[in-house]
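Across the two complexes that follow, subunit A remains constant while its partner is subunit B and subsequently subunit C.
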Partner chain A sequence: MPRSNFLTENIPQETAGPWLWLGTVLAMLGVFCLCVMIVVAALPAFFSHSHSPFEWVWQPNQGHFGILPMCVGTLLLSFSSLALGFPWALAIAVWHLTEEASAFAHAKTAVGALIRFLTTIPTVVLSFAAVFLLTPFLRLHIGGTGFCLLGASLMVSLLILPTMILVLESGLKGKLEALCPYGLALGFSRYDLLRYCVLPQSVRTLTQAAVLGFGRALGDTLLPLMLAGNAPHVPTRVNESMRTLSAHMALVTANEVGGSAYNSLFAAGLFLLGTSVVVTLILRRLARTDTSPERP
Partner chain B sequence: MSQLFRKTLILASMAVLAMVQSPRADSLDDFKNLSGKLDIAGGTAHIPVMKAAAQDIMRANPKIRITVAAGGSGVGVQKVGEGLVQIGNTGRALKEKEIAKYGLVSFPFAIDGVAVAVNPDNPVTSLTKAQIKDVFAGKVTNWRELGGHDAPISLYVREDGSGTRETFETRALDKASSTDKANVVNSNGAMKTAIAKDANAIGYVGIGHLDASIRGVAIDGQKPTQEGAASGAYPVTRLLYMNTKGQPQGLTKAFIEYIFSEKGKVLISKAGYIPYAKK
Partner chain C sequence: MHAMFPPTLRVWLLRLAPLLLLLIVLGLLFFLVQKGHSALSLNLLFGDTPPLMAVLGQAAVWNGLWPACAGTLYLVLLTLLLALFPGLCCGIYLAEYANRRSALGIGLAMDILAGTPSIVMGLFGFTLIVFLRRTFCPSANTSLLLSAACLALLVLPNIVSNTREALAAIPRELRITALALGLGKNAMIRHILLPQAVHGIAAGVVLALARAAEDTAVIMLTGAVANSGLPAGLLDRFEALPFSIYYTAAEYQNADELASGFGAALILLALSALLVFLAHLLERRFLQRSRGYHATGHLC
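Here is the complex of A and B:
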């Protein structure tokens, strides 16, 4: 190994292995401890028969600590945001890679800059703007109070949009560029190549984007807290108020320390963690089985 | 931590600015031989009083540092119980569980009224207690039934554990809970914004937070005013408490005595509350 850098100069070769090993073990141990802690802290809530978190009523002063409406709310919001945001993200990413975008270079640059700018906007700013612009608009046009599932899910889809676009674009670009010399020579447009060759081969990239988007949608707290209305019940229409687990945790921790309400939060945390793991595993499995052999 | 630092910085700069015109009050003499740091956290309603008192004291004696942080009643109990702050504020009486767990002592120092509030464009200016109960139970859902426009009622309530919600539900709803279809907001400020922006809204805020952007509604003919709350004529009121772990000593004791002094009473009135005599 003639190549020398500060690492090999300062640390003898034989110690680099143990250091890496130690770092890996520490990181794994941290994740493991976090999971164990959440599970252990959630156990009392699971085995408490008087104050079970698994019911449909949240009325702490009447002894009901059900978090099921919030579980449903969280799933409704994350899946609807993903359903709204994903096609949009895919469309923007594909457009960004085609000749049409290159033809309007200014628009392409502007959209790229806007997407990158979107990632830097704090959610509190997004929420605040939506409270003053989107909420009154929804109140006027779809009824209800304006604080509702639709409003929150529109803003969350906007939040997860840049993440998904960036993942999609970087994933699709390499394959597209590799095909371009031959594909363009055969008379395909870049859009044709993407549509018929690259996308069917990129299920893994699509999945990766969806998983990252879903994860952000699942965990985001401030947007649902400020926009969804936080009523602890299951919404039956998109203009109804609803509460996510993350917003629920924020609302309860502000005022409660200890007690059944507080303990039920660990069950809520476990549910969030579990949902995230399950959805990731399912999507990855789909990606594996769906990567079909190359089509002609 | 950085928030705490920022608050300290703001307080300190205010103290410096105010030094120019500082007539020394006699009750501040108690702080002359004291020094050190006093941390206060908890109920948001208390903050204007705590900050004003802290400014007076730090102006009189620069060797004393006082920080005031928000967080809500629950945070107040937890922080003072775990010894992270010397005074934890609550907008409700301590639960027996909390007193037993941490050994806390309570000092009620002010009366705060909670007002039912509507959008200023709403023609409804007075409601009976029975009507308020029906509205918050979700039984009455249109303003027409209350003598207003034909429009659906937008219901706003505070989060569980909020002192304002507890006062409202105990005194105005006779311990009934509000419907779970109501929107939940997490501060007096958010409540004001929601009501001011929604013509069909009804909710509740501390009387001290009433201003031109929202309108207080009379309950059984009693208008929500500080005077009504003090005399007991207005029914929806609560006490504001300072809590310490064990009997207060030194700087903490002096601070609490200052809140109960004549100067303290002026600060309480300025913040929109009514001073409550020490028992």
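Here is the complex of A and C:
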């Protein structure tokens, strides 16, 4: 992107070489193929009247291929892990930005390192550990099999935590530091400044973090697949088993049932792709308007 | 000004949040290490086969993780091979050549790709195979090449955005100097900007490798299987570490298999942490170099 008039106007404008063009076109072609392929594959699902995927029962043996319970499951899991994870992330970010006691300096560094380490843990390893640690614990304390909505949403909230914390911190830190010299001189603590001056002005940063977390929770496959039990119905209590769209897709392709089941698979893919595109568009919108001056 | 909680309670509530995170993550890690460390041995990798023969591919390994490790290695290298060229080109184009409109378009496409769940990337590969089977090539099957292609698509936005940011972070004085010395734009990019940004770009590539190594959803749909031995070719199915971890959790028969699952989880965790650490070092080197330029006024 051109960054200044001097650099763009005063030099001979050479165009990109053929290899650069080829590479860029290849990349764009990949994105284009992905979107077209997913949409075209899902089209038959909308026009078939016999085995429509838009019903509430999933019983392939009896000709019912409904994915609506999984759609509800995906949204339920995403929102519940957001409800668990967002306050947690906000609390950690606030603690990290405001803790004044020097005794906690090491703890601050350690938590920072831990958050960065958390982003490196592969989700499959996280789920593997949770299957043998969290699931027996839940089975013992809330009943059921332990493979349930609560377990999955706990682990998904852990997964989206570092993303949200990093967004929150980078969004809040600049504003807080800008206020500090004056605010501290007036006798406010860093927490007061953050709570009463910065946070009310930072709705956009908070929304950004929440939407990003929601997007990541929506698309994750391994945690719900391994922890949620995969029963194809809408859970009514937190200790009931449930199935998300992503887990559903993994299960259907693994069993290679074929035929009408594939229709439901492609419809599920389109739903996931559509939702994540909407999330991306919202995020871009938030990021674009974020550059406008928003000073406390 | 009213407070929701009295100050002391509020402070301790805030302290509780990171403490809880610390406890949970350390608990999970401790659990993994405690269960997995006893399984970590050459036996875990190679089973009863002599290690040297297994590494050279002269003997098959039946009850070890070696085929899964080798499969992941092949997969990651192949992904790199496929993603590197379009990723770098797209990043360079976006940073240096694109006008406002095309930058907006390409940026949007990359953002959408970055936000797409990995399972949808896997579904793309799966759909491709279903399509090929019905039309040109009835014998088409999920394979190593297909998985690598889908993973390449998955990591493409990482490489692109990292390349773009590394180029954009280069000090402006350097560009002005290069232009003042009479270099054309293409020559400036090739001989000045790319060498200067190489560590930042490499950091993005290594991060992309880490992402490709850990992703499970894509390979589940595009050709990873539990027992295939070493991958025989590009068009064959393969074993991979993340898939074998998932498979162990779902289908383990006895304590030995479970222990090998914990071992595999530890190996993958170590691999992933190592790659991310390497990326961090490269990134730091890149920043130091840019700052060094600023501080001393000449190339370091």
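The rule we apply is simple: the second predicted complex is superposed on the first by the 234 of 296 C-alpha atoms of A that agree within 3 Å, B and C clash if a C-alpha of one lies under 4 Å from a C-alpha of the other, contacts with A are read in each partner's own complex, and residues count from 1 in each chain.
By definition in this document, a contact is a pair of C-beta atoms (placed from the backbone, for glycine too) under 8 Å apart; a residue touches a chain by one contact, two chains touch by 3 or more.
Note that this is a predicted model, so its numbers are computed, not measured.
Q: Could you say whether A:Ile282 touches subunit B, subunit C, both of them, or neither, answering first, second, both or neither?
A: Neither subunit B nor subunit C is touched by A:Ile282.
Q: With the two structures laid over each other on chain A, which partner does A:Phe132 touch: subunit B (first), subunit C (second), both, or neither?
A: Both: A:Phe132 reaches subunit B and subunit C.
Q: Quick one: is A:Val31 in contact with subunit B, with subunit C, with both, or with neither? Answer first, second, both or neither.
A: second
Q: Now for A:Ala178: first (subunit B), second (subunit C), both, or neither, which partner does it touch?
A: A:Ala178: touches no partner chain.
Q: After lining up the shared chain so the two structures overlap, which partner does A:Ala83 touch, if you call subunit B first and subunit C second: first, second, both or neither?
A: A:Ala83 contacts neither subunit B nor subunit C.
Q: Once chain A of both complexes is superposed, is A:Ala113 in touch with subunit B (first), subunit C (second), both, or neither?
A: So A:Ala113 meets neither subunit B nor subunit C here.
Q: Quick check for you: in the superposed arrangement, does A:Leu186 touch first (subunit B), second (subunit C), both or neither?
A: In the superposed model, A:Leu186 contacts neither subunit B nor subunit C.
Q: If we overlay the two complexes on their shared chain A, which of subunit B and subunit C does A:Asn230 touch? Say first, second, both or neither.
A: first
Q: In this superposed model, does subunit C or subunit B come into contact with more residues of subunit A?
A: C
Q: Can you list the residues of subunit A that meet both subunit B and subunit C?
A: The answer is residues 131-132, 225-226, 250, 253-254 of subunit A.
Q: Spell out the residues on subunit A that touch subunit B in their complex, using ranges where they run on.
A: Counting only subunit A, the residues touching subunit B are 57-62, 69, 131-132, 135-136, 139, 143-147, 225-226, 229-233, 240-241, 243, 250-259, 261.
Q: Going by the contact rule set out above, which residues of subunit B touch subunit A in the complex?
A: 71-75, 77-78, 81, 97, 101, 152, 154-156, 159-162, 169, 175, 177, 180-186, 190, 193-194, 197-198, 200-201
Q: Could you list, by residue number, the parts of subunit C that touch subunit A in their complex?
A: 1, 10, 13-18, 20-22, 24-25, 27-28, 31-32, 35, 85-90, 92-100, 103, 106, 108-124, 126-128, 130-131, 152-153, 156, 160, 168, 172, 175-176, 179, 184-186, 210, 213-214, 216-217, 220-221, 242, 245-246, 248-250, 261-262, 265, 268-269, 272-273, 276
Q: Spell out the part of subunit A that touches subunit C in their complex, as residue ranges.
A: 1-4, 6-7, 10-17, 19-24, 26-28, 30-35, 37-38, 41, 88, 91-92, 94-96, 98-99, 107, 110-111, 114-115, 117-133, 158, 161, 191-192, 196, 215, 218-222, 225-226, 246, 249-250, 253-254, 262, 265-266, 269, 272-273, 276-277, 279-280, 283-284
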